[in-house]
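Multiple structures are listed underneath, in structure tokens.
Both complexes shown next keep chain A, but they swap its partner, so chain B is in the first and chain C is in the second.
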Partner chain A sequence: MILAAATLAVLVALLLGVIRALRGPTVFDRVLAANAIGTGAIMLLALIGFLTGRPEFLDIGILYALLNIIGTLAVLKFFRYGDLSHPGGEEPGDA
Partner chain B sequence: MSALSEVIGSMLIAVGAFFYVVGAIGIYRMPDVFTRMHAAGISDTAGAGLLIAGMMFLAGFSLVAVKLAIIMGVILFTSPIATHALAQAALHEGLEPVGVGNKILIGPGAHPGPEKIGKATTKKTRKPAKRAARKPAKSKATKRKTASAKRRTRS
Partner chain C sequence: MVLLTLLAAITVGIVRMRNLFAVVVLGGIYSFLMASVMIVLDAVDVAMTEASVGAGISTVLMLAALHLTKTEEAVPTHTPLLPLFVAVATGIVLVFGTFALPSFGVAETPMNMHVAPYYLQNSIPDTSVPNVVTSVLSSYRGFDTLGETTVIFTAGIAVLMLLKGKRELKPGPKRRRIRR
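On to the complex of A and B.
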């Protein structure tokens, strides 16, 4: 019962995050919303795993948690340097 | 013993779901990227932490609890890293946090957020277009037509 209520709450949070990702005026709003949606997906996976008695979903949750940070940092680096293989440090416009 | 741990786990899950929704409302309602990061931090630490703690109480001592602890540790380590990188990138891009430079935040005369500024300017530009006669609109349309015709002739 409480697990269903928590699942509903996480779904509401995911909906708000999706709205922010669609409306966000800057790129960083969208990246922040994507990060929040990723965390919400992990929580949703764990709660549904408990709700249906299948705790194997937690492995997928671990995978999502590891992919979330990589995706966020990759998008931020791409929008800063325009290239994922850029070594960083100096700006492309400085040199 | 199991009933007690179930009650404690249910309470922790309820409080965690509350904090999670509060953080999501903050992500939706806050006026700025940096304040939204603050709200996302609430749902990432308090919300997710309490939810996972409650589920650990429900699971008891098992492999499931270890996996939940791994998820919690990964989230607790990566959320501040993502927030730090995001704030650094936003500051490097030139975004200014709302409230810098003695801007009033609450009440009448408050500094509107970036969205409200955009909305106000679009409304100001839209209203005189409605009040004005249809002639300038027609002239604009004709200009567009002529421009498109020029483009066609150029191409």
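On to the complex of A and C.
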């Protein structure tokens, strides 16, 4: 019962995230919304795993978390340096 | 279904958005929602592939491609009526095709009657692999999987050769490109 309620809550959170991603005036709002939706997807995965009695889904949730980090890192690196192959480490102004 | 509604909303947003950067971000969101739909449909392996390819790799590749082009999408010069008609007609045909499919989870379908019972009953004594899908992929259809792996390996080698050749063709300092 509490799992179903939590699933509903996560769905509402996903809805809010999607609204922010669609309306967000700046790109950073969208990046943040993407991150939140990725986290929501992980929680939904875990909750559905427990709802159907298969907690092994948690391993796949870990994989989702890693992917979420990769996507956000790529977006942020693109924003800072304008190039994904930039080695990083210094300010973009004096490079 | 709430997730499908969110998917539709994201799709409309992608189509209407002119900023390609936001489109890339929305594409990542779309992949995560799609993976959630796959999980609800109990296809966890497909969901894993969707999340890793759609949200992980293709976001990175799209950003790398975005570095080579402009961020704003060009204004279309023609009306999109014909492509819209083609898309809607294709969708109608596909939905019409699903009416002939058996409903979800029925046991007496050709797909579930043919070889699936044999795999389900004999995969443990035959291959002693606990996961049935893995046993089918790597044992029953091992040569098929070997061929697929060969194809992907060849494609990877070809891409690596292309990238390497480009680097040797253009020596000297790398040209600076305009940011964003």
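To be clear about the criterion, the second predicted complex is superposed on the first by the 88 of 95 C-alpha atoms of A that agree within 3 Å, B and C clash if a C-alpha of one lies under 4 Å from a C-alpha of the other, contacts with A are read in each partner's own complex, and residues count from 1 in each chain.
Criterion: contacts are C-beta pairs under 8 Å (C-beta built on N, C-alpha and C of every residue); 3 or more make two chains touch, one makes a residue touch a chain.
Being a predicted model, the structure only gives us computed values, none of them experimental.
Trainee: Between chain B (first) and chain C (second), which does A:68 come into contact with in this model arrangement: first, second, both, or neither?
Mentor: both
Trainee: For A:43, is the partner it touches chain B (first), chain C (second), both, or none of the two (neither)?
Mentor: The answer is first: A:43 touches chain B but not chain C.
Trainee: Looking at the overlay, does A:22 come into contact with chain B only (first), chain C only (second), both, or neither?
Mentor: It touches chain C, and chain B stays clear.
Trainee: Which chain, chain B or chain C, ends up touching more residues of chain A in the combined arrangement?
Mentor: Counting residues of chain A touched by each partner, the higher count goes to B.
Trainee: Check the residue A:4 against both partner chains and state whether it touches chain B (first), chain C (second), both, or neither.
Mentor: neither
Trainee: Looking at A:13 after the superposition, I want to know if it touches chain B, chain C, both of them or none. Which is it: first, second, both, neither?
Mentor: first
Trainee: Identify the partner contact of A:33: answer first if only chain B is touched, second if only chain C is, both if each is, neither if none is.
Mentor: After superposing on A, A:33 lies in contact with both chain B and chain C.
Trainee: Starting from the residues of chain A touching chain B, keep only those that also touch chain C in the other complex, and list them.
Mentor: 14, 17, 31, 33, 68.
Trainee: Per the contact definition, I'd like the list of chain A residues that touch chain B in the complex.
Mentor: 2-3, 5-6, 9-10, 12-14, 16-17, 19-20, 23, 25-26, 28-29, 31-33, 35-36, 39-40, 42-43, 46-47, 50, 55, 58-59, 61-62, 65-66, 68-69, 72-73, 76, 79-80
Trainee: How about chain B: which of its residues touch chain A in the complex?
Mentor: Going through chain B, the ones touching chain A are 10, 13-14, 16-18, 20-21, 23-25, 27-28, 33, 36-37, 40, 43-44, 47-48, 51-52, 55, 58-59, 64, 67-68, 70-71, 74-75, 78-79, 81-82, 85-86, 89-90, 92-93, 95, 114-115, 118.
Trainee: Applying the document's contact rule, which stretches of chain A touch chain C when the two form their complex?
Mentor: My answer: residues 11, 14-15, 17-18, 21-22, 27, 30-31, 33-34, 37-38, 41, 44-45, 48, 52, 57, 60, 63-64, 67-68, 70-71, 74-75, 78, 82-85, 92.
Trainee: Flag every residue of chain C that touches chain A in the complex, lowest number first.
Mentor: Per the touch definition, chain C meets chain A at residues 2-3, 6, 9-10, 13, 19, 21-22, 24-26, 28-29, 32-33, 35-36, 39-40, 42, 44, 47-48, 51-52, 55-56, 59-60, 63-64, 66-67, 177, 179-180.
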